[in-house]
């Protein structure tokens, strides 16, 4: 009896004893789309401010919205902006802060990793289940130099609530009235066909392991895993490769007319060089922070992220924020407050 | 010494001591009853809490929840049929493989194996049960699924492809992979319980058969298996109960597609997997309630199966232990 | 059937059932072989001492996950053992009429509940009121999973203590509660410890209930009321990711986890081998 009691006391003491340098732990959850750069940022930021640790779990945008709304985490992350209803459902005002731009790409597993071209309608029809084989006439027409095999297309989509999904289906709904009517858009939809993978990681893994598979992932995931990336025909009729430049081009138009709350869609953006399936990704924080210490740490991070942090973006294949957007973000960060007093120290 | 219960002519000192002893015993009994009560409360609270949070979905969908196939979080339409189907099919497939293997192994261990071989083999079977589910899932993704995709599914597809059971693209992951992994995980439980059932069969039965000149196998078949039949069915049911609730390994290999398909090659979804995948992101109260209702369904089904199983196993005789799971 | 035929059938069935036993064990061998083959290379000092690295960077380890698992299991044991052992003693010693039957039935019911359902329960009970994911929530979930095993094993072991010991103690005038605490429990102690080890081995590998209670943490734990890393969670996250380095670490993590579980199971087995006559 006594030994058990001592053991329990020791265990609880050991477990509750915070490490020597008492750190503030800030918990966040959400999108897998920006996870590579977020994990880089949070790791780099431990050197900028050793007093703070950001613990981010990539559970999908849907999860990010849910957990920040129920206040079980301090901040959320999503690539599908919250709808008006979702924002009304939150206990207090949530602010969207754009962090980087990314591209959602069509990735596939075919022998020889050929460079494939897709048009918007073809992608929609593949995901609707109307085009089922790789050597379908419409695919071969788009790719004259490539021998496509007589193999069924193993479609892969997300099984979890995902902002990447939101961007992808937002695009499909924009270009295909049939998709808009049959499936619609959201972070989680009723997919007509395909296998579900958990997170961008799950889809990339599934595509990598399944010959004949076709899925959609954020650009970084495809490149890191040496998966081929398809070119997509944009609104101007050009086949565009998803790169940092074409992603930035997609944002160029939006930067001018950026709404105050930053909720904007970049899909099928106009412009000769614009990649049609690009998007911002956002962090979700409460305008009124409940904890002063954490709130201050969060706004300091947001400031660092939108300035110094941007230099990490290109290496990880994300496009940095356009300069006018950064100015708007600065103004927004200054509005985040604790009991009425802005948290950001004068800069 | 006079018995304290009768309180007959005790000296004052003895009376005080007796009173103290009685108090000690009473406190002890109260503490024990409190512990028992706490256990009771725990299970009741579990069921009640789940029921309470699932109410919005129950009210909204009623019976249709069990028979509708649409799972659409955007339109907030939730029907659990694909998950029920997936759970049942994967478990059924698992039983098809695991019951013969499990009972066969149990018969070997209890009746036919040379005595020196029994403890190590039994030990190894127990170790199979000790492997965590996530490790099975890991092995499933990287070993089993590629195996199925490269060799087994194409072979089945070309030979038996006329059956709707074996049609469709070979993903590797899917219902077949889930069924096989479940079978592997469930066999040790069936073996362990079956072995206990068989060992509980009185020796007189065996001796009678042997005295009549039966071989070892005939003894087993005539005297032991038929006597222990209901217990063996119970063991199978216990395995089924396990298979129904298995989460991680299945989630990693089933393909996560909420659709009812006849083919074993097709991806599916089970009740436990949908909860694991979607719980942290149920963005609306109705979505969460629907998921919890799925959990409630799973809860009720596993209790029914396990309850029935235990009744059957206990009917063989009180000596059978089902404790070690 | 001829005598010869019957002998043949006997041998064939002997062979078939032996085959069944072999097939039942085969996955164990296969899995262990793969774990060693794939993961042994990644099990090094760095694995045990470093934190996970960000995506794309080689190296890093699962130190926080290993410690996290130990903390979760330890805390779960601290919560679940007292209640479980007391419950088991109750079932074995009580002279009540109906309550023991109900409790035994409910303990069996609880043991059949899928662990993910128990995770939902812990979410509702701990995470929602506390408004955050925490090690405590994870430990509560694991404790509830441990309870039925501990209760049933304790009951069995207490029952198996020979009544002669009990009667001798009572005859000496020792009050009943002292008999249980000072005579019966110490005698049954080794068996109860075995049951406890079995329960620990079982919950150490649980992933599903931790998904939305302990939540996971890329850094060292910051207290019991904060999210915490756990080995099975980390393995799951790495397994479904597409990075080869993470896959190797997942195998390594699985090797460590299975090693821990096996060692505990083995120890439990060794403890009971022939120590107590009549105690299985």
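A few remarks follow.
Which chain is which? They are A, B and C, in the order written, and residues in each are numbered from 1.
Methods note: a residue touches a chain if its C-beta (ideal position, glycine included) is under 8 Å from a C-beta of that chain, and two chains touch if they have at least 3 such contacts.
Treat the numbers as computed from the prediction; the structure is a model and nothing was measured.
Chain centres computed from CA atoms place A at the largest separation from chain C.
Simply put, of B-C and A-C, more C-beta pairs touch at B-C. With centres taken as mean Cα positions, chain B sits 38 Å from chain A. One finds 16 Å separating the Cα centroids of chain B and chain C. Centre-to-centre separation between chain A and chain C, using Cα means, comes to 37 Å. Looking at chain A, one finds that residues 29, 197-198, 205 touch two or more other chains. Residue numbers of chain B whose C-beta contacts span two or more other chains: 141, 280. Of all residues in chain C, those that touch two or more other chains are 240.
The residues of chain B lying in touch with chain A in their complex are 70-75, 141, 145-146, 149, 168-169, 171-173, 255-257, 267, 269, 277-278, 280-284. Only residues 53-56, 71, 74-75, 78, 81-82, 127-128, 131-133, 135, 215-224, 226-227, 240-243 of chain C touch chain A when the two sit together in their complex. Against chain C, the residues of chain B that register as touching in their complex are 1, 21, 24-25, 27-29, 31-33, 35-36, 38-40, 42-43, 45-46, 49-50, 53, 100-105, 107-109, 112-113, 121, 123-128, 130-139, 141-143, 184, 187-188, 191, 215-218, 220, 241, 244-248, 252, 272, 275-276, 279-280, 292, 295, 298-299, 302-303, 305-307, 310, 321-325.
Those residues of chain C that touch chain B in the shared complex are 6-7, 9-10, 13-14, 16-21, 23-25, 27-28, 30-31, 34-35, 38, 83, 86-87, 89-91, 93-94, 96, 99-100, 102-103, 106-118, 120-121, 123-125, 144, 147, 149, 151-153, 156, 173, 175-178, 180, 195, 198, 201-202, 204-208, 211-212, 232, 235-236, 239-240, 247, 250-251, 254, 257-258, 261-262, 265, 269, 280.
On the side of chain A, the complex with chain B involves touching residues 29, 59-67, 69, 86, 89, 151-152, 154, 159-161, 184-191, 194-198, 205-206, 209-212.
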